[in-house]
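Structures given as structure tokens follow.
First chain A sits with chain B, and in the next complex the same chain sits with chain C.
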Partner chain A sequence: MTNQMNIAIHENVVRIVTVAPEGRLDAFSAPKFREKVLSLIADGVKYIVLDLSQTPFMDSAGMAALVSALKQCRQLGGDVRMVWPQADPVKRILSLTKFDRVFEMKNTVEEAVSSF
Partner chain B sequence: MDYSLLTAVVDLHDTVLSELAAAWIDAGAQALYLTDHAGAIIGQWPSRHMAVCSAASVAIQLNGECIGHLHLCGEMTSALLARLASDARWLSEIVRMEYDLEKMTADLIDQQDQLMALHQLAQTTRVDNDIQQNLTDLARIASQLLKTEDAFMVLQTDREAPLPVMYPLRAWWKELWPVLLNEMERTPEKKQWLLHQHDPFLTKLGLPIRNLLVKKLVVRPGIWLILGVANKIGGDFHAPDLKLFSTIAEPAGANLENAILHREILDQTRIQTEMELAKQVQMRLLPQHTPQLLGIELAAQSCPAFQVGGDSYDFIVSQGDLLTFTLSDVSGKGMPAALLMTMLRTVLRGKAVEMTTAAPEELLRITNESLYDDFSEVNMFATVFIGQYDYARHLLYYANDGHAPVIYRSVAGPAVLLPADAPPLGVLPINLAERQVLAFQPGDLLVITSDGFNEAERKDEEMFGYERLLQLVDQFATLPATELMKNMFAAIQDFSGGHPQSDDQTLLILRRMQFNESSS
Partner chain C sequence: MNHQASRDLPPMLDEVDPNSQSNPVVALPADPSTSAKITLDIPAEVQYVNILGACACAFLANLEQLADPEITLYNLELAIQEVSVNIATHAYANSRGRIHMSAVLSHQPLKVTIMLQDTGASFNPSLVPQPQLGELQEHGYGLFLVTQLMDEVEYKQIDGGSVWKLSKNLPVIVNS
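Now for the complex of A and B:
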């Protein structure tokens, strides 16, 4: 009989990337934003925090880019959290159009990151 | 130096020279004769005089260079020598004049050649030809005018693949042009290449090219024309060839630019015509008349930002005193949004016409199921408001997939925003919309707009916003629906102050009339 013991150690590191658009997320900027997020996803990222705290305006094209990110991540078994915007018009549009029911909304990036 | 000029002068002025010689012979000289620069006799008087017994000879010069001699046979004195020198100067002057005349003639011919080249270019390159045909014509003319075996053109743009053309087409052309383009990219500062036989570049190429003359010019920013001629017939390229080549190159570039512009205008016109047709089709898909129903007023209008758009509204009157009305806004703008809008309208209308009892949430569920995959495929979605108004009982049933703003104003006011109860259609595979009910009192009002209203911007980028929209509805709430609609569009236009409309603007109004109002 031997006292030897095998200890298997596995470390799982989940990669979470925060994306924070700092200007208007509209028809003009949305394609570039979408391209950036898709390149992250292509790079293996599937957990994304969309930090809208510094986004002053967002239109339907901007929202379409966010939804596209969400669908891609979920398809890969990942997910997206959204940090509430500070700008009232953006907050309002998210609530009025019920996008706050599509994304899991968080108050801060820290809260969003720890929620995965 | 052209030494044949002196011979030409002897031929041209034989009579005068004979008279000159006769005067010398009268004065006692035996003979007069002329030799060229190499010493060969090119004229002698009298012609039968065979003995060469030069007593004196004086050089004949052209531009400071000796091109021959005037010889005199016979007794010689210093006075006669001075006379002979004077005659030699006179002959030199005749030769110089002949030289100037020949040079002027050559210049004139040269200029005529250039004018001919321009004329041929203007005749051949036509704006209504296709670009490839124009390039081929240009290559053909360059080859003819510069007397070369080969000529080629490459149209290079920063957006499309290069268009290489050769006249006549050689098997080695496909090997040459990529190498040339590479070389030009490597040395962008160089605009012209003149390569003679045995040039290392030509040797390395290993193609049947003896000499090569290439020029690169900017047709307009982002478009370059590379012109080249190769294998000069009977020799090499010289200064006049380079001059003629430049004469061809500049107008060729200009003509080509005209042809490109012509093509662009045609393309644009075709697209505009198609867009105009698409606009007409889309406008025909909107209700041509607003339903006239007892006790309620309806008004609706859609103004796309571009020729076609993603906004739509519809009215469907079905059995069971039911008016179904929809307002939808596909994310994005222009043709992609318009195509999805058409699909959405078809599905919604197809289901709604069959309904006899109000179930707007069901209509949204079925539509979402039908279109979710298509919307996901193109990363788009649509906000959809569906109202079903029971005009016998004046009950409004509605369900809202992410559409805003929807404004309700009871007769007592104030106007309030009705939030959506589910995210837009196409966002989630299941639909969360729920049925809402509002009992409509006389004077109650429902105003639905697309976000082109609240997001309308003025020059300082300030948006119209929800608050102004609510105030506007309160301000004009008692007006007939069509008047309210006109006032709302006018207010948005005033606010924008000429700032271009960037999003589609659609408005739908439903108002229950007061008892003292008559239905018109």
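Now for the complex of A and C:
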């Protein structure tokens, strides 16, 4: 008589993609940024880290693109984390507009990824 | 298609007679020797509007007495960017045209005044709703940012177009 044990193993991998605009995120570049995020979402991505650490300038069109990404991910049951920009003036604008309350802010990409 | 691009821009408000009662007046600083001015005229297209903010910031970049220059110049650039994008995408939504900018630096107190003029369609800024800060709101931050970042913001419809006047009292280094 054998004492068999079945072990069921399921691996769940959460796909998290980091999107890092390097350069100005403004009315000119925002459409390209939106397009990129849309293509990721169409590809099944619903957890996104928006890494703004290398974004030296952002206007309201860029901010709108960030909110759009957050809305779309949440609609799919996913979410977004945002990594603080290095540039002080951009940080201040995120605080002034209370984007730091709308988004869950993190200091690094690693911290953001591990927070999902 | 409306070919407003072929129309000449009317004179800038700061180029008209400041004593004239027929024009909305923006007077130049009392003593011209204490002021400096640049003007720039660009196509009103989103791909070019960054030039305006960059030029205005370069205009002030060498002011040795300017305190907190990184924040001050960024905020000025952002305010100019927001107004310029608004002109390019709304005032010229159905036409093509140009944006004429003048920047005047005056002293005592140290202050910069930006005029942005277009020949496009006018609008009523008071009808623009305030953004619900802290909410998941995508649009509506542009005009809010302009009014928050500048000390004075005026919008006027003039003959053949509109003009925005943005003023900022510049912080200066205080020597102890």
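The criterion applied here is as follows: the second predicted complex is superposed on the first by the 114 of 116 C-alpha atoms of A that agree within 3 Å, B and C clash if a C-alpha of one lies under 4 Å from a C-alpha of the other, contacts with A are read in each partner's own complex, and residues count from 1 in each chain.
In this text, a residue touches a chain if its C-beta (ideal position, glycine included) is under 8 Å from a C-beta of that chain, and two chains touch if they have at least 3 such contacts.
This is a predicted model, so every value here is computed, not measured.
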Clash or fit, chain B versus chain C on superposed chain A: clash
First (chain B), second (chain C), both or neither touched by A:61: both
Which of chain B and chain C A:95 touches, first, second, both or neither: first
A:36 touches, of chain B and chain C: first, second, both or neither? neither
Which of chain B and chain C A:27 touches, first, second, both or neither: both
Contacts of A:71 with chain B and chain C, given as first, second, both or neither: both
Stretch in clash, chain B with chain C, out of 93-101, 291-299 or 381-389: 381-389
Set of chain A residues, in rising order, touched by both chain B and chain C: 27, 57, 59-61, 63-64, 67-68, 71, 89, 92-93, 96-98, 101-102
Contact set on chain A toward chain B in their complex: 27, 34, 57, 59-61, 63-65, 67-68, 71, 89, 92-93, 95-99, 101-102
Residue ranges of chain A touching chain C (in the complex, touch as defined): 24, 26-28, 57, 59-61, 63-64, 67-68, 70-71, 87-90, 92-93, 96-98, 101-102
Partner chain A, residues of chain B touching it in the complex: 329, 331-333, 376, 379-381, 383, 402-405, 417, 419-424, 427-428, 432, 451, 455, 463, 465-466, 502-503
Residues of chain C that touch chain A when the two form their complex: 46-47, 49-50, 70-71, 74-75, 77-78, 81-82, 85, 88-89, 131, 133-139, 141-142, 144-145, 148
